[in-house]
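Lettered A, B, C and D in written order, each chain numbered from 1.
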Amino acid sequence: MTALTTPNIQLGDYIVIQRQKYTKLQKFGSLDTTATLGKETLELKSLLDHPYGSTFKMCVKETKAGKRGAQRQHTLELCSETELGSTRENLGISSSGADNRDICDNGEAQALKSSDIEQLREACNESSKIIEKLVENSKTFHNRTEYSQEKYLLKKEKKYFEFVQIRQPTIRLMADIFYRQDADKVMGIRVDTLSQIISYSGVCGFGNYLLYESGTNGLLPAAMINAIGADTEGTLVHMHPGNVAQKQALLALKLPFEQQQRCISVNLYSVLREFYQNGTAAVDAVEASPKEEVNEPETDQPDTSTDEQSETTEPSTKKPKLDGETQSNPRTPPRWQLENKRAASLMHAKFDSLVMSAKEHPSSILQALIPLIRPSRPIVIFSTCKELLLETYMELKSTAKVTNLHLTSNWLRMYQILPNRTHPEVNMSGNSGYLLTGYTLQ
Amino acid sequence: MTALTTPNIQLGDYIVIQRQKYTKLQKFGSLDTTATLGKETLELKSLLDHPYGSTFKMCVKETKAGKRGAQRQHTLELCSETELGSTRENLGISSSGADNRDICDNGEAQALKSSDIEQLREACNESSKIIEKLVENSKTFHNRTEYSQEKYLLKKEKKYFEFVQIRQPTIRLMADIFYRQDADKVMGIRVDTLSQIISYSGVCGFGNYLLYESGTNGLLPAAMINAIGADTEGTLVHMHPGNVAQKQALLALKLPFEQQQRCISVNLYSVLREFYQNGTAAVDAVEASPKEEVNEPETDQPDTSTDEQSETTEPSTKKPKLDGETQSNPRTPPRWQLENKRAASLMHAKFDSLVMSAKEHPSSILQALIPLIRPSRPIVIFSTCKELLLETYMELKSTAKVTNLHLTSNWLRMYQILPNRTHPEVNMSGNSGYLLTGYTLQ
Amino acid sequence: MSFLKPKTHIEQGDVVILYLSVNSMHAIEAVPTIVNKKGETIANIFQTSYGSLKVESIIGVEYGSRVELSKGWAYVLQPNPELWTQTLPHRTQIIYTPDISMILHQLEVRPGAVVIESGTGSGSLSHYFLRALKPTGHLHTFDFHEARADQAREEFKRHGLAEFVTVYHRDVCNLGFTSELDGVADAIFLDLPSPDLAVPHAFKALKLSGGRFCSFSPCIEQSQRCIQELTKLGFNEICSMEVLQQENVVKTRTVPVIDLEFLKSPKTSETPTINEDNKANKESKKYLTSSNPQILPGHTGFLTFATLPPNIAK
Amino acid sequence: MSFLKPKTHIEQGDVVILYLSVNSMHAIEAVPTIVNKKGETIANIFQTSYGSLKVESIIGVEYGSRVELSKGWAYVLQPNPELWTQTLPHRTQIIYTPDISMILHQLEVRPGAVVIESGTGSGSLSHYFLRALKPTGHLHTFDFHEARADQAREEFKRHGLAEFVTVYHRDVCNLGFTSELDGVADAIFLDLPSPDLAVPHAFKALKLSGGRFCSFSPCIEQSQRCIQELTKLGFNEICSMEVLQQENVVKTRTVPVIDLEFLKSPKTSETPTINEDNKANKESKKYLTSSNPQILPGHTGFLTFATLPPNIAK
């Protein structure tokens, strides 16, 4: 935030590759790393040391026949600002018909055959050139309405656009990518709901925060530790039901080490045992068979979490992380035990808010965690299943431990705002999920 | 529909009184009838024989001190077109400030005291005059932004506007009035949902239709018989759980007699008994103690319906209608028995669709009525409680008697479209209710 | 001929809805033979994702029956405007039932009404107008695209609706609705790129006793211009709205319920083994619930309604 | 001073939220005495719908405690931007949590961020910005209304936030954000009647390394003009949206369940009497359900976001 110059792309970074409106999160693990965007494969090595925000041109290196048409391999070349610019402007299209009355959609509107187009594509590497040719050879283009022309150009541009921009991952960009690719990967937490979780939980640079989530690819802990910030005094205890926390989004943020250290990821079962029993059994727990303790979370976790775990894109850091530590330093307690101890001491000191996004019924987890929250502090429970929150609402209402209860959901509508063509977008996301919020009482 | 001239206002008509955006349904029962709009009481006698659509001016006749300020009694005077016109135009306001930066809302903006305004109101009977004075005496008006000026004028206009228009009731106008006044009066059926009930049920000039509703002030049967039309061959059997059908909206439509006759209103329990038992017990039923039969619906009906009944504005036609007939013609069967017989014969012939809007759980009623519907016919079940329709959905799904099941709800957003001030309205209705639709199978 | 009124059995020539599943249905014509490309008359066999149907076999069958396909079965349903809208051959962008229902309601269409529609498009809305106004009303429908007007005219004839509708090939923005229609309409519906150009013609075509007006536009600017024109001509009750229908997908969800109480007691040889722990703390509960599909229609169009009051001088 | 960080006990001078019910809460200042109109120092007594509170009595009490009122009780909560937004003295139309949350998310505000806001208004959004960017960032907030700017400045001081914010009284549309702020901002937020006039100033104030922009406008025309200006200056990722939050009111509904089977058997002297019939056919079932309130917010404003890409020549 404070750096006036943008950082450069480094090996080991997660990067966001953007081609028009499509974005993808990719680990730039080595110089040989390639990224796949539909039918295009990109060699990433030339990104190294260029500043984030740079735009690169896709240059065809080879074309292989694939199952669904040609698969192209590209190298990337840094491109100048002047190469960019709207294709529409480049083409200078202006004469549009008033309506579509004389257009017959009989499939004969385009004089170029698909083999011609493929050839054209090999020959001229610029999408604007290809589109120009397509427009020239379209019998109907200039009879179409502007609206219809625009649609045509957008469709063609999308197919032939040859630039990608490399961006630094942020919570905003990742929330979009994850939700678009597979909303289940982030438990269905949509951008508006995510933004409200951050608000209602009050997470900021001061205070200690507690999160339970059963698998959001690291998005929720990343969003919270991002809000806690670098060089602050806030801390996050991140409980999860699995063997290893999903951390992709956290790793992608490339946070300073001191900030990463303030996100303590622990297994729910294991840390609760530590917490409940640490007075008497603290030493026992450390001495206990590591194997059994490590496995416990795995057997304890509900069915769905296993699938969740396998979805993370970080297989190399999974098992080894635990096994490696326990094996190489047999006498020092494994990292997960140290983390459990750090978390337990924060649990004894109590937290400044609770955020939950559980695949399981939130009720029993909430009962275990609410005593860990100080009075006059927000709780925020997310679920895609309203029925679960209705029950939880009623339970909280009857215990009178939490007040100012609200169950909310959201509509999010995107707008197309263009001269004479302004309207809400024709598709919208149907599910925001539900938030149950309230304040703990003394 | 076919008349080129608009009909005239008659005694006994239901009329819609409109003052700006406020509308009210009122029975014009006699020349002494008065209508109350907030603090204004209107004498209706001068409406007689004027064509529907006419606008009348409210002329203060006397002012009484009421609990919440002065209560005014008005006579109505037919007014000419030239008297109408936007107050804004009349005032010719144009100079508006660019923003509100210099306005201090310290309550001293209006130089006129409320006693002055009251006096002004007595003196000049035209709202435009009053508003003109208010504007003249407002220290801040001309410094307000146009948006703010508009809001101010609308607020004032609303208070002092002195014209009413008399309109003929239609389904459209009544649906608005009922829902706005008290959505519960029409079981929460919003305009978009009502319109879709008519579509999905397929009700039209041909065929026989079955409706069960537990109290919509007659709106649902009125909307259906309206869609069946005058001089057609369609018929509606309208089942209800109460002693007497709610018919306000039906009566307000002032349908031709032949069309009214094709809406057969019967009590659910009583007509089902007639239907199940008419082979053997037809004569018995007619001979049975009328008292017991008449009372049956009342005791059978669920708690809520009693309240519903008392809400109808037709108390004079209620009890007497049944008692009167049975008493005066002790040997001819009472009207409700004849209607039961007509309905039962249509039930044996089966119906072309089923519409239900039940306060009760729809499931058991549906089980009784679905066998009365021909195959390949739509069913449409409305409820404000989604859980009831979820259960009904599952039941129908498991019996495989109905296919193409859909559970839908709606958003309805009104827009303010004005030059430079276009936006969705700031308030919207939150509940459309839910429709469960499907098609019967053979 | 299956659109005129409810009927019980399939007759030759009927359009029939072949219902395979909630996402798969076809409108087919119940004719035993068709003429192939070579000009030969052959048996009419209809292919579906569940195999083929010999169409002749459904003639005489009761609507709502199950019919066998070579690899499964389907239901035969009588068509109506809702089912037709879901199966019709798209010649243009069409309007769907939620908007259409509001249009019919707001235009107060009922038997006997005279309605003017422009453009005809794929005829989806026309079928709704016809159901609502027949047998005593009439629909005048206009399209500037000649082939579309011809197709629609043919279709109404095949559907048994010809006597209630007149189809015109005409550019109404420039030429109006023909002088024969001056002052005849109870209601007018416009779905045009520039509705404002047709508003003065709508004004002329509405009855002297007044009538209702609707314009459907995807973009807000079209509505803005249309409203300016309506205001100028003395229309009132002008209001604009959007109707969006959501499907609620019904499902049963199994939610794991976990017990964390057992963690409070220290593990000793007397306490249950981990396997027993798991048994105790792994239960699940079923919920009957619903959710919207991931993608919903976010916008269809702005509906602008207005009233032409009675006795406005034209 | 109760806005800076989480705290456990009420200290003198804290703003405290007195929570009576979900629809009734007040922000009060925990001071034992106040000066009345006559200039006399008197005990600070706060009146509520459940009676009065001697404010002195809450000093030293733990946040989240129940406190007694003369005719009931209330809870004392530590204020935060959400509760403050619901209780603050309205000096202008304010923006609420759903829109604000999206603004913070899209502007990527986190500790260390430098944010420019115009106008300050009632300071509701400012409190959110401050929570998100402190202790290492800074908020520059502008209002053209002098009294409002002064009030806001005072308020931030009382709330313990003064060191993270600078309040300016300035007409930014005409005069810009002062040359001291050229190239310092990570994010800029505009809530102005003519946001397009301030876009060039926003362009100058954003960092050379780029930044995020947001404008909130009630009317679509404001967004249209703002977007034109943004496009002209080379902003990208321009997108507009609306966020609407719905409350789901939780309730238990009792639904009558009726039995109609008994009607199938004829009434004989052997069959139960009507009273017994009723008993048999009148049951009810309870449902835990929710519905929206009858009236929902239908529109707050259009949020337009954009990115200024890095290294654009200014």
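Some notes on this structure:
Just so we're on the same page, contacts are C-beta pairs under 8 Å (C-beta built on N, C-alpha and C of every residue); 3 or more make two chains touch, one makes a residue touch a chain.
Small disclaimer: the values here were computed from a predicted structure and weren't measured.
Interface comparison, B-C versus A-C: the higher count of C-beta contacts falls to B-C.
Chain B and chain C have centres, each the mean of its CA atoms, that are 26 Å apart. Centroids built from CA atoms put chain D at 38 Å from chain B. Chain A and chain B have Cα centroids separated by 49 Å.
Shared interface positions of chain D, i.e. residues touching 2 or more other chains, are given as 220, 242, 246, 288-289, 302.
Multi-chain contact residues of chain A (touching two or more other chains): 386-387, 411, 413-414, 422, 424. Contact topology of the protein chains: cyclic, one closed ring where each chain has exactly two touching partners. Applying the touch definition to every pair of chains gives A-C, A-D, B-C, B-D.
Residue ranges of chain D in contact with chain A, taken from their complex: 4-6, 8, 19, 22, 62-66, 75-78, 80-82, 97-98, 100-102, 104-106, 108, 110-114, 128, 131-132, 134-137, 186, 207-210, 220, 223-224, 227-228, 239-250, 288-290, 302, 304, 309-311.
The touching residues of chain A, counted against chain C in their complex, run 98-99, 101, 104, 145, 183, 241, 268-269, 272-273, 276-277, 280-281, 284, 288, 292, 296, 299-300, 302-304, 359-361, 363-365, 367-368, 384-388, 413-414, 420-431.
Interface of chain A with chain D (complex): residues 1-6, 51-53, 170-172, 175, 191-192, 194-196, 198-200, 202, 204-207, 226-232, 352, 374-378, 386-387, 390-391, 393-394, 403-415, 417, 419, 422, 424, 434, 439-442. Interface residues of chain D, counted against chain B in their complex, comprise 144-145, 147, 171, 193, 218-221, 242, 246, 253, 255-260, 263-264, 266-267, 274-275, 277-278, 281-282, 285, 287-289, 291-302.
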